[in-house]
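Shared chain: subunit A. Partners: subunit B in the first complex, subunit C in the second.
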Partner chain A sequence: MLSLPRKQSLIGYVLILPALLIMSLLLLYPFFYATWLSFHTKMIGAPAIYVGIKNYLDVLASKDFYIGFLRSITYTFPAVFLKLILGLGLALILNQEFKGRRIMRSLAIIPWVLPVFVVAFIWMWMYDYALGALNIILRSLGLPVVRWLSIDNAMMSLIIVNVWKGFPFFFMGILSGLQSVPQDLLDAASVDGASTIQRFRYVTIPYILPVIYIVSLLSIIWTYGDFTTIWILTRGGPGDASLVLPVLIYQTLYAEFDAGKASALSILTMPFSIFFIYLIVRLLRR
Partner chain B sequence: MSEPKKVGRRTFLNYAIAVVATGVIVGAATYFAAPKGEVTVTAPGTTVTKTVTTTVTGTPTTTPPTTTTSPTTPTGKPKLTAWYRMTFLEDFNVYLREKTLEWAQKRGVEVELSQLPFTEIYSKLTAAVDAGNPPDISLWAPLALAAEKPETRLLLPVDDVINEIGRDDFFEPSIKVGTLEGKAYQLSLWCEPYLWHIRKDVLEKKGIQVKTPLSWIDAKEIAEKVNDPANDFYGLGITLGMNEDTTNQWNSLWWSFGGQYYTSKRASGVTLKSSATRNAVEYLVDAYKRKLIPPDAVEWDSAGNNKCYMGGRGMMVMNPASIMYSLHNDNPDLFNKTLLVYPPIVFGGTNGFVIYKTCKYPDLAKDLLVYILSDKKSYTERFIKPSWGYCCPIFKSVAEEMKKIPYWEPFANAAEFTYGSYPFNEPCMALDEAGPKYIIVKMLQKIILEGQDIDAAIDWAHNEYVSIFRKYYGD
Partner chain C sequence: MGKRGTRIFIYLILAVVAAVILLPVYWMVIASVRTPNDLYSKSLIPSEITLSNYIEIFSNKPLRQFHIYIRNSLIVALSVMCICIIVASLAGYSLVFISYRGKDVFSSFILFGYVFPGFILMVPIYTIFLSLNLINTYYGLILADLIGAIPFSTWMLRGYMMGIPKDLIDSAMVDGCGHLSALFRVVLPLTAPGLVTVAIFSFVGSWDSLLFPLLLITTEDMLTLPIGIMRFAFGEAYHWGPLMAAAVICTLPPAILYSLVQKYLVKGLLAGAVKG
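Then we have the complex of A and B:
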């Protein structure tokens, strides 16, 4: 590897310095501030008082934290799995040559481009027991209506919203992966007598697997941190049926006004995300 | 194929300097070319989902600024920053904007006014209070957070403003709601009483008479007479969902049964565990089990009871007049069929202005508030009347005037005894924390959804309140 002359590399460092500073300011400062806060009792409007690991112990001793974690997992993995299945299926269909394909591709990404609060409000109306579109359809078909946001159904209904909003991301990622599969290879496999399923299994999948990994991992991180949809639709209820960690953190900060405890809670939710970020970084290095 | 053109270090630096220099020149030109001394609406908006930021630099026409020694802005005029909460009432937002800018023009003051939806002003002000960087004035504030503890108090008393407008003309709860240690820290602007909205046509059909005030016991009796769950029509459109209206309706019910959150501000002063609480819980659980309340009420958001009534599923609901405002515009038939009655103790939020200690021009800020509230004629005509009862007057004289209009009579009567917390009606950080944590809702849902024993659920809620009170006020 060629090494740059000392002066030139110095200029390089100087040039990236502003970017580094901005990144430090935007990323590292909030992180370190949150970490610092997590060791303090910091009521909003009052000075911070050092309390050591008390906030962490309080959070770990609280039943809500474990409920929140469990609900977050219950929300995240089924949602990501369903988004993957839907996104993959749609990408395979819309990768075929047919008339209107471009329009279909454009329509498919509409849920993704809608702001998340708009999506939440749309579904809030769809789920309404008396006036919602879903129950109106069920009624008109003579079927029993469903209490979509009841204690038994709330999590499933939230997952449906998240899947509807998020599957186009999988679709777009996988479609771009599919377009990179060399046609020659698929043709060669056909000549060798491979069936459609075999071509998909042994040619297409290996090509799109890295994309699937990346979009899935990103989606796990985003879904795990989803707040808006749940807050608008259920506020963590009924009971604690949808009390995911972001809702718990929000309530700790804005109901208890306790920035220290909210920070400790945030820090404790991070190992999960960090694990998946680590996987992404490893994949990107390959 | 041609080689990509290489850019040398010197050339790159030259380009970079040229880009920066152009930016500086364009920026400076824009700054100096901008018109001065004119009203500038930088982001006009008309709906509650938008944030409206308005800056006005007025030309002095009448009274000069009362503070002359304070630092001034680059334009040489004193400047106030104001954040107002918006509501769904466009007349409301426009009125406050116009009055503020009108004042700024007259006094020759620069006012940077931001009108924010409630959810936004809540988080923005909380963050600003924490950072010690609040605006000069705000309409709505986390009052207890900003004023209850003397050592971290961020607000200025506004008793002189109240006195100048006329203390005797204010309803007593509207002053008490912002008073700590004998000083008022909020200048109330309006209250939002929760009233019974009842289907008059059904009452007439069944020959039922309604007393005023309508107690919760009587309301349940009426509900029993008209309840028809088989046809999706319910006597009580009471929300039991995870939203603030559940606690608000609970307050009205529970207070009327003799309940109160505390007798003194300390952990041992919490009085949630009481026979009044048990009676109120039993009332709701019984009504839910007997389907006087819609089964889906446990899943409603804060608009759930509105939709229940407006969709024709509820005989009666308890709500501020946002329902009437909507019905007036969209469903005049149901509007005319609605009877409004107040309960024995009225729950309702009271909203008002506060001035922050960091304000450089407190006299000007107070002058602005006096200006907005002393013009009671336009307050009545442009602010109160167009709200159809959503904004109820905090002035006795205005309420007396409004009582002459039959529609307004229940609102004007209720305004006199609308409480945010009964009986003390004072800022309380512990209650401010307990509300958004939905402790009351969770207590009710533990019984209704999880089948928990009533006493165990009350114990749980009581202990939650005790621990919150202990945090703020000790044992």
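Then we have the complex of A and C:
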């Protein structure tokens, strides 16, 4: 017979085992395997040959990695910043009492409800040069039409799609933060003679700052890892105009069939993710 | 600016926001019911309405087998959903209500898995699944989708369960319940909204997954919707009508599911992401 506490903890281990097993086999093991692969030349279908740090030297010597990183950063930070501004602004407006507030709140989460791939196809159609809605509107206003997915505009157009799809997440998170601000605290500040701006600065902001922080961090990670939007709209092109890291890795795997080199590339994308993952884990585990 | 001026200004902003949100949705829906000639009229408003695009996508031509893509997506997404509910309920209960050594490490591992970007694993997953003959199988697709879905679901349910008073479990135990019956009789009924939310998120996550099917599927009869409906876009010319009709149908399951439980969604999302 096991003593009760030991039996207790045994049940604890048994219940969490399936989740840990799945994650070990599908996340941890592949991750270590990728690390191992990155030190080998491994053509798909052929055995792996140990090559030391050659893959890393190759990747760091070619300009692809730097371009991919630059594109990923150029995609991620403007998109997250715009989502934050739009989400915050809309949350502040819709936290007021007025007619039509409920309808606007439901409306505002529509982009978030649509599947990412559907959003990408819709915007491909919005951006169509001859028949798309945006150029039809520009034309009817007498303005010059735009090649939305040209080499110069592709990145901006992709950011627009990401912002359109992603700002409701910020909106919902920040709105729930705003609703947790105690009304009596705001009233007390008013009594003490604080202006609207001062109440916002010294009462509201400190309350919603943690939400803003965590939502932004999550969004940075997700936007950095966005494959679907870019793959459907531009495949990383034209040229390398939108060749973000996830698309670059996919292309390296498919064009060269070299799992070793593609693994080295994957590992090299990690310091960025790990830094933000570390911030999130530290914040949420507190 | 007076109080009335401010109000008008706010409504003006909201009108612009509403238009920006609705225009792309309108553009999808309206294209799905227009004839090709009408699309070429370059007008925002259709001159006639037709269901021919919907008939076309269900007419089962070679390389355009919409109902097969729907079937495959449903099989994979429903499987992922069921596995997630079971595995995450057990793990969530373990993390919240039982004390044992190593729990903090497990919690951190699950949180780490939740925020880990899946694209970093595309090379090893492809290589491993290739050697295990999981290419072009439902098993391969389901397993690949579980990578993100399991930690996400577990973290989210854990957030929900932390809202349940521990006393309830203790008194159930005093009444002679084991942990399993406490889970089924006390905890799961109280976390019903959490379970529904996890079910929806895991279903939609799988419904939406593109990268892993792109790597793991090479045959026509195993394609899922995100890749499958590209077949409507790239033929001889662009087929916007059929593609948008397919997009509308792909939107329906997530949209219906979300609208059923709208009031739980925000809470659920934040239980998983913000509070924790």
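Assume the second predicted complex is superposed on the first by the 265 of 286 C-alpha atoms of A that agree within 3 Å, B and C clash if a C-alpha of one lies under 4 Å from a C-alpha of the other, contacts with A are read in each partner's own complex, and residues count from 1 in each chain.
Heads up, the rule we're going with is that a residue touches a chain if its C-beta (ideal position, glycine included) is under 8 Å from a C-beta of that chain, and two chains touch if they have at least 3 such contacts.
Note that the structure is predicted; figures quoted are calculated from it, not measured.
Applying the stated contact rule after C-alpha superposition, one finds that A:Ala259 touches each of subunit B and subunit C.
Ranked by how many residues of subunit A each touches, subunit B and subunit C are led by C. Residue contacts after overlaying the shared chain place A:Ile93 against subunit C, while subunit B stays out of touching range.
Contact with both subunit B and subunit C is seen for A:Asp128 once the two complexes are overlaid on the shared chain. In the superposed pair of complexes, A:Gly237 makes contact with subunit B only, with no contact to subunit C.
Of the two partner chains placed by the overlay, only subunit C lies in contact with A:Tyr224; subunit B stays clear of it. Once chain A of one complex is fitted onto chain A of the other, the partner contacts of A:Val281 are limited to subunit C, with no touch recorded for subunit B.
By the touch criterion defined above, A:Gly12 reaches subunit C but does not reach subunit B. On subunit A, the surface touched by subunit B in one complex and the surface touched by subunit C in the other have residues 8, 11, 44-45, 124, 128, 130-131, 232, 259 in common. In the complex of the two chains, the subunit A residues touching subunit B come out as 8, 11, 44-46, 124, 128-131, 147-151, 154, 232-240, 251, 254-257, 259.
By the touch criterion stated above, subunit C contacts subunit A in their complex at residues 7, 10-11, 13-14, 17-18, 20-25, 27-28, 31, 39-40, 42-44, 86-88, 90-91, 93-95, 98-101, 103-104, 106-113, 115-128, 130, 143-144, 146-147, 150-151, 154, 178-179, 204, 207-208, 210-211, 214-215, 225-226, 229-230, 233, 238, 240, 243-244, 247, 250-251, 254-255, 258-259, 262, 265-267, 269-270, 273-274, 276.
The touching residues of subunit B, when paired with subunit A in their complex, are 9, 122-123, 126, 129-130, 142, 145-146, 149, 152, 154, 232, 241-243, 294-296, 298-299, 301, 307-308, 311, 313, 429, 432-433, 435-438, 441-442, 445-446, 449-450. Partner subunit C is touched in their complex by these residues of subunit A: 8-9, 11-13, 15-16, 18-20, 22-23, 26-27, 29-31, 33-34, 37, 42, 44-45, 90, 93, 96, 98, 100, 104, 106-111, 113-119, 121-126, 128, 130-131, 133, 136-137, 139, 164, 169, 172-173, 175-177, 210-211, 214-215, 218, 221-222, 224-225, 227-228, 231-232, 245-246, 249-250, 253, 259, 262-263, 266-267, 269-270, 273, 276-277, 280-281, 284-285.
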